[in-house]
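Following: one structure in structure tokens, then a few remarks.
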């Protein structure tokens, strides 16, 4: 058991560093926008998580790597004390990147030591939570790096081979689900987040859900129809967002001499009409569905249909607000701040994306973002 | 039929003017904050609704009262053209209040003429919509007047006899509802809004809902426990709201020499511990429920229990986001902008308040506001 | 002496009310923008000045008209206590306009009583200061009313006969002044503000100053040359102001079907090319001078040339920052807050305008505004 | 001649790189606040200046180092085209620091080649301008680095030996200057900026100027007197600045367990009472003078007294607004944007600071900043 968890621990921790391989030192510290953190911060914060919730509590006479790091690398845990403002994460050239890698090595050694010595369910649970937490940050690392490089006028390449997935799923049939009562929520003993728990019944009516996600080509038709100027397609707040920000296309798209391009992690390239649409926010997803005379699935419909769907290529906007399941229970203390406190003004996304870590998602997984956000790899699946 | 509708028309239109009776001329034009419009604007906008959607379409050679009024008194109907910015409604000393009353008289005469002459279902439907619309604005009139006077350092009295309702409902028993499939949504031929339509089934589990609303006395205990400083009780966005705005009590509450007072429409007075709590926002409602170890009802639970509840004293925050029912259909054109486009980042409230016009609410009625808003008469009902 | 001052007092106080004659009740309370106060506020604040600095100090057992008024109608005197935020002046429908007129009558009676009974130099000095203060507010009243009505989409007429002054000064000759040492600042016993005091010598070089002010016709040429798009003409902050606010013409100008109009107090009308240009800010004045290859006068040049100039039609931007004269002395207490504390980031204007009260200006008078402001009647005189 | 200029060129260019020696790679790209640019940007922008104004114009078939750099490293020259927003300078991890050093080497080689080959007065003038420009950026480099490190919670040391200068000038006598006409402005053939030109006469009255600058100890007395809470000492905009930003001490000062410390480039240390006060803005300087019953010198008084003053330790706030001298002439094109366009809402500082490059300042040098800015080494000299 401890061998297995140590093995997993090593793999996942190394995977985070592998993501940073193509970076130059200068890339580690930049924060372009409040919601996207510097790579250095992700590397440190995920490490701080293990130090704070495990080493400080379970290792006798544990010597903190650096007393200042709690202030610098706490993300949003009020129970763990004051922290640097999120907007200021990019102001910190120090500690240096090297120092952060030292920090990682220090904590990694201590965790492995602890896991070798002790086989305590509570510790293993916390390590598992920390690893899932780290996997979430791996995805954020990729998307935050993309945001930083994609907003650099030089459009630097991150990795020549980081390809956009094409929609090889030419199967355009849809799946029909019968009305009835279904069980929703995570069952079994595998790891899941607290927001997936509380298995409960929901009634859903007959519905028919597409097996394929919307492609760039389809979205270009929507754009060509004048959709970004047609208020009737948009939610009121979506229409304000379009106008205030002069939106005319998805994030990362640039019209260069009449032709649509987008920034990808392999550089600036022409929009591939057959590839799956990405980087749209909830308002855009909703407007597209409106234009098609269809709608987005609820998160329950999605979960019920999940077994039959080809999913995993893009986070898919649902038309469900992120709210607690019946009987949702928040853990005590800092760990309880993980999910529950974000349950307002957010919409649920289901599925997984090209940036999601392997084995990290599942049919009951509830991802959530503000309706304005589109820097994740987010797409559209429609329902009739 | 036409006699009846004319009678109703007159009553409701007069009721709007009756609400304004206690106002001084200066009170009609002031806008203290973006979301609260001047009384003059409400008087004109409700009239514009009848002129625009009925008179202009159904009266031959109709002569518009004033060509500028479409720009001045359109609220948010993109389909009806440009309009003054919502923030600028309070910048307009002209047209004068007298002019607006002339406008009302002019349109009232024309509508009654039309209703006497023609008995067309479509017209009656639109008049009915206009009257329901006017009733909604009657409630806004009351709450916007309260907001304006309650933010005047002189705390002027609107009406000596506008009393807060006390919680005479000493019955503290709760109602138990059995798990099962229930029908949700408006049935029958009576008027309802489009957002109530699409009767559909939902499954709910066993629940137990309080018959009484939280009182000021109960909320004072919550405050006394230090709730406004305890981040563990709050949603993340709620905690930001508390801190950014230095919130320490509900809207309109003032601590005067150690004693809590609130502004009411009959002036500044001591907080009555037995009266029903009002003017709290969703974040406060949610935090209170958290503190009690209970929760807010979903809008479905509320609707299912409605027959057995004493309701109608305060709008009650539910824990349901304002989203379309299955099979929700938006009307074409301007009338379709009435409800659907606001379905993001809002929470549903059920019930009615002391300011709600008579016969305007019903068990299926879906009110909705941003989680930060509390200038309506809003309260808390809890569920176990 | 006391008869004379009472006479003057009555005249000036009545003049303020005469300015408000054409207003409707609704016009009295509106505040469109922070820097422009409601008419009601001006009426009350000027009265508060007499009550606070004279009646409260020099009348035994004086009974304050209303204890709340100190909070409501103090403008910026920190020494006199807390006050309502400037942005909130327009939120107050109460006290009513009638109440304010009562307040004026009450204070007027008390002041006249005091002046009849006592002949104390200090009191007469303070009354004189109060009257000059009131005259300054008379000008603000006119310009604030213009701002409110000019931003109403209906462009209401204030007074049919409030004409713009034409440039009847066809004399285009300029005045030549010889280099030398000149005395600057107010001499003699007449009233002046503290900022004019401290007569002192300045050396100025030879200069030649225009006797006429720039006309609308001349400014139209500047506009036609593309000046609002030519960064080389503008100060850096001026260029930011132009771009941020999409400025293409002076305040109150509207291009209606290809023809330039402006709002005047007698309504919307075509721009009169022969009339003197007005409502431009310092950045525009500076850019115009740059375009002409000339420059604005310093306030010293202006004062030296004043005897020979036709002035009094428009406040004239100088190229002098508003700073203390050598030996400037601030009075103690609240009265000392009158001028000195505003001596940063403002430019001096000299002259007077059509809205300036009779006998209120003089060659040594130093008016001052932010470089962005143009809601006063402000124009351009050039120097070589 | 060309040997000499090449020698100077090398020295000054190397000095810029020497300032960056103590930096870690991560330090080069961070921008904490809009007005402080990343070190990398300074290194590149000063190089861009030589490339743009000299190499592109005077070297035949010059091959631009990188076509994108004009967009990235133009600061504010509208005549040279579009540029990245100033706020976004810190968003650019690329081009890398190494690349920027390559850019410097490339341009340095070309400039030296050009200077060896051609002896053209115009070129030498432009190189001289470029070197003075670079020296200005050297000072900004130091102060921007200080700002970045001083806002890092770790308070990193830049250079252990970067000492604050103590006020060894125990001579507390003042200098008396007689009234009369004096010449102001740069004379002779040495380099100076266009804003120093236009020698002209000014008349000044008798004045007495302190030979020593205010020390930390003296400023602590001002603080201890409650000055940051006494509105009577402050200009109106200064008082707003104090309150809005909750200012209680100079920039970089921290009260740690009751004792005042400040961040210096050699780390956090206790405030040295004998050292010269630094990092205060104009409002603070003005308030201090008010508290002392003295005043700041005008820039003319300062220049007249300069020969007899010990100066060069701190930039000294004057009470003169930054405005053009009589006969000020702006050069044509981009070079003309150097100084003139900033002549609004800024105050003149005279002297030099510990961060000013050697031989860069002189008695006629006019430095200028917004009254709110204090990240330069700025101090106070008083006048009676």
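Chains here go by letter, A, B, C and D, matching the order in which they are written, and residues are numbered from 1 within each.
By our rule, contacts are C-beta pairs under 8 Å (C-beta built on N, C-alpha and C of every residue); 3 or more make two chains touch, one makes a residue touch a chain.
What you are looking at is a predicted structure, and each value in this text was computed from that prediction instead of being measured.
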Farthest chain (mean CA position) relative to chain C: A
Separation of mean Cα positions, chain C and chain B [Å, integer]: 45
Between chain A and chain C, centroid-to-centroid distance (C-alpha), Å: 58
Centroid distance [mean C-alpha coordinates] between chain D and chain C, Å: 37
Chain B residues counted as touching two or more neighbouring chains: none
Chain-to-chain touches, reported pairwise for every pair that qualifies: A-B, A-D, B-C, C-D
Residues of chain A that touch chain D when the two form their complex: 24-30, 32, 40, 68, 71-72, 84, 90-97, 148-149, 151-154, 156
Residue ranges of chain A in contact with chain B within the complex: 76, 78-79, 181, 200-203, 205, 231-232, 234-239, 282-283, 286, 295, 319-321, 323-324, 326, 336, 341-345, 371
